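Same chain, two partners: chain A is paired with chain B first, then with chain C.
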Partner chain A sequence: MSRVVVNARVVWALGMRSVRQTFRRPQLIAPIIVFPTLLLAIQTGGAGAAISLPGFPEVQSFLQFMLAGAMMQSLMLAGNSGGIALAVDIEMGFTDRLFSAPIPRFAIVLGRLAGTAALGLFAALWFLAIGLIFGAEIEGGVAGALVAILLVTAAAMAVGGLGAAIALRTGRASVVQGLFPLVFVIVFLSSAFFPQELMIEPAKTIAAYNPISFVVEGVREPIIAGIEADTTLYAVLTILGIVLVGLVLSSRALRHRLRVG
Partner chain B sequence: MEGRLEMPAWRANLATIGALMARAKNELVRVPGAAIPGVLAPTIFFLGLNGVFGALTQLQGFTTSTYESFIIPISMLQGAGFTGAAAGVNLARDYEIGWIDRLLASPAPRWVLLTGTVLAASARAVIPATFVFAIALPLGAQWPGVDGLLVAYLMVVATAAVAACWSSFLALRYKSQSAAPLMQAGMLAAILLTTAYAPLALMQGWLQDVAEVNPLTEVVEATRQGFVGSVTWADTWPGIVAIVGLLAVLALLALREMRRTAR
Partner chain C sequence: MPAIVVNGLERAFGDVLAVQGIDLAVEEGEIYGFLGPNGAGKTTTVRMLTTLLLPTGGSATVAGHDVVAGARAVRASIGVALQEAALDPLMTGRELIRLQATLQGLPAAEGRRRADSLLERVDLADAAERRVGEYSGGMQRRLDLAAALVHEPRVLFLDEPTTGLDPVSRKTIWDEVRALNDGGTTVFLTTQYLEEADQLADQVGIIDSGRIVAEGTPDSLKAELGHPHIQLQLAEGSIAAAEEACRAIGRLLPPTDGRTVLVEAENGAADIPRAIRALDEVGIAVESLELVRPTLDDVFVARTGHRLEPEQEAGGEPVEA
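Then we have the complex of A and B:
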């Protein structure tokens, strides 16, 4: 059997374990789905009148506008949860056993990221379904929905890479869990919940440079207007940038973990 | 020794409540990090919501021109909710390590044990409320006046007591710290399902209906009045009635669970 096939099988096996683990533990999936859904419902009902503000983009409803923000919040939490799960594996000694097995190191991280990507996919489908059920239209049609789903899944995997790097570096679930509030800070300081032009300083300026804003606009555009090449390209490039940072940090953290045990 | 045996019941009860509060204070002093989530979460929400939804005050129907003034009561109450929920999480932990069993074997009445937990949570709720209030003032929140501040703090400590009763009920029912998300999310949802983001008239459909019947809406409005206008008895008494009603119901539920646990 060729080396590539063997590696693919290892990634698949670890990925499936990660997916099963996530969906079997309600405490892992609940914050990723329940909390953003609750906030989506409350923010849509509470701040829905915002769409009549001058300068607000043309949208069918505030729910339609907010779907991308809810997906973004969910995928960021999924990335954090993936990091927590990896840290738990390290604490339990499972990762040590994998390190001593004749499998490539990258497969261990990639397997975990597959679980995070599955959660991102689930979040994208969940929020699109909620939007459709409650009357939001996907202006980009099926193709637009697919673009949004792909971007959310890829972004979840990219953010999961950062979570994995922190988990590998610290090896402690409590540290990764402690980053939970940071997720909210990053999401709030982006255009996830409101048009950047209408935000208040300094959040407005920070949101303009926050990479998450580029991803969220890429997810939002197909939902509220239709696919736009530039916006999608910026989102893809941003995700690739996050992947690159995640890879560098993960490989350095992995080397550190192998050194300290 | 003899004097202690002859201690009247009310004094013994007060001493027990004081001891339970002192224990909670010791936890805070010894593990200051435990208070951080209760302080951090409302602060992040305050800064985040203000930056994001600040422009909402341009809509007709807002009684204030600064969103900081509108949202600060929510953050103070959120801090109280999280602090009260933490009391339940600690109670569940105490049950898991067997400490509650020893407490229940003592001759102290059940209501005394619950009162100690609840009052400790109320006292702790002052910390996040003061922290977020201190941040809000220089950022542009209106000074609520001494009367407005007093009413706001009264609502904060009372909301923490409500949250502590709710979380104690869940802690004693499920006897596990794994019920923590239910305690925290329950309070968070209850506070957000009010006029948290916008006045009632500007809210949409279902949320408006829910906020109208949610007793915490009266508590939010009572807490908010000094920040967005002046304090009136008409805006205060519904909040007091709502909080007393919630306290009575949830305290009874928590006491019932405590008695069940003892059996």
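Then we have the complex of A and C:
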């Protein structure tokens, strides 16, 4: 077998382990799926009239508008949970098993991210299914749904990279878990749950520069209006930026871990 | 060619030098017992030799590859079972072995075959589908050992493989280590158990405070001491007075508890009556006595001036060094 095939099998195996680990540990799956679903139900049930506000984007329903926000929250929490799981691996010594195997170090991080991406894919499908079941239309059709799914999957992987970097640097699950509230702050200070135009200062300005807003708009546009090239491009570039930051930080954290043991 | 060669290996953590320039060589097919108390530098050494930690000085080769420059080649040649069994409690035993086979680059079918065979070998076939979190400590160690063997490594590192295990599980691991070694695998074994090093190792290196203080076969190390000692358990009386009385017979060794005097017996059994008379003269009664041949613990005492941590001795009671 070529080295590429061997490494691909390692990434696949570690990704599958990561997914299994999430579904076998209820405390990991609950934040990723259950919380965002409950929040979606509460918000759409209680604040549906918001779509009548002047300046609110043209949407079929508040649920249709909110789907992207729910996916965003879910993928952010998936990234955080991936970081927690990696930190638990470090605490338990499981990463020693991986570091002492003849595989490239990047495959270890990539395996974890593959698992996080799979959870992002699951979240995208879950919320699209919920939307369709409760009457939300996907204006961009099948292609629009595919764009939303791909962006959510890629964004989950990108955010997972940041979680992995923090886990590798600190090696402590409690530290990564401590970022949990921060995820909510970052998501709420974006356009995930409310149109940026209707926010008040300083939230409006923060949301305008919050990278999460670019991703969420990229996911939302195909759902509420149809695929729009610029919005999609901004989302892709933002995701690539997060990936780059995650890669640099993870790589430095890996080197640090080898130095300190 | 030796399987492991270590030259002046050092590891500092800030200002603390955990491993202070050690040298050792382990021949192919040998079991090397690395003996020392907690914090002596055993695990730090193993982590450097298994490429999990970069040395801050010196050099080492494992299976002919440098642990820094040839780290990947080292990893392909070694099996590692660390002190804390590196297991995922949510995986099943079979999943873990198969994952390890994938990590070692084995084809899927071969990985499945070896997983079945290894699970059978360590007597975990019936528990293969259970999650590792449900395994006992002994089962987890056996699984960890099986995972370390999946690619049939040339050199096997076992970091305190039996610490905390019951005697039956310990013996199972010992039998497995002997069987592996009979098959030609070089084993580098760290332990705090004197008996383990004595029973298993062809060569023993004794490490204390980051330095190797003695090295050789268990028999040669014990023979260096030469003299046995008399172990006198007092029925009553002051231990200080008893030690004072025995001082004329031979060198006193550090006591193991508050009721026992250990005195070197240059003349072997002939010194026993002298010891009893000396204690009788100061009115101290002896409850029991035993002539004890030198052990690796005595070697350790002779080289370091103190004993291995007592709780590390199987079934031992805490004693002062």
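Here is the rule we go by: the second predicted complex is superposed on the first by the 261 of 261 C-alpha atoms of A that agree within 3 Å, B and C clash if a C-alpha of one lies under 4 Å from a C-alpha of the other, contacts with A are read in each partner's own complex, and residues count from 1 in each chain.
Keep in mind that, in the parts below, a residue touches a chain if its C-beta (ideal position, glycine included) is under 8 Å from a C-beta of that chain, and two chains touch if they have at least 3 such contacts.
Quantities reported herein were computed from a predicted structural model and do not represent experimental measurements.
Student: Let me test your reading of the model: by the given contact rule, A:50 touches which partner, first (chain B), second (chain C), both or neither?
Tutor: In the superposed model, A:50 contacts chain B only, not chain C.
Student: Output check: A:103 vs chain B and chain C. Expected answer is one of first, second, both, neither. What do you get?
Tutor: Once the two structures are laid over each other on A, A:103 reaches chain C alone.
Student: Is A:31 contacted by the first partner chain B, the second partner chain C, both or neither?
Tutor: first
Student: Quick one: in the complex, what on chain A touches chain B?
Tutor: Contacts found on chain A: 27, 30-31, 34-35, 38-39, 41-50, 52-54, 62, 181, 184-185, 188-189, 193-194, 198-200, 202-204.
Student: Show which residues of chain A lie in contact with chain C when the two form their complex.
Tutor: Residue positions touching the partner: 1, 6, 9-10, 13-14, 17, 20-21, 24-25, 89, 92-103, 258-261.
Student: Which part of chain B faces chain A closely enough to touch in the complex?
Tutor: 37, 40-41, 44-45, 47-56, 58-59, 67, 178, 181, 185, 188-189, 192-193, 195-198, 202-208
Student: In the complex of these two chains, what residues of chain C are touching chain A?
Tutor: 13, 44, 47, 50-54, 72-73, 75-76, 78, 80, 82, 84-91, 95, 98-100, 102-105, 107-108, 131, 147
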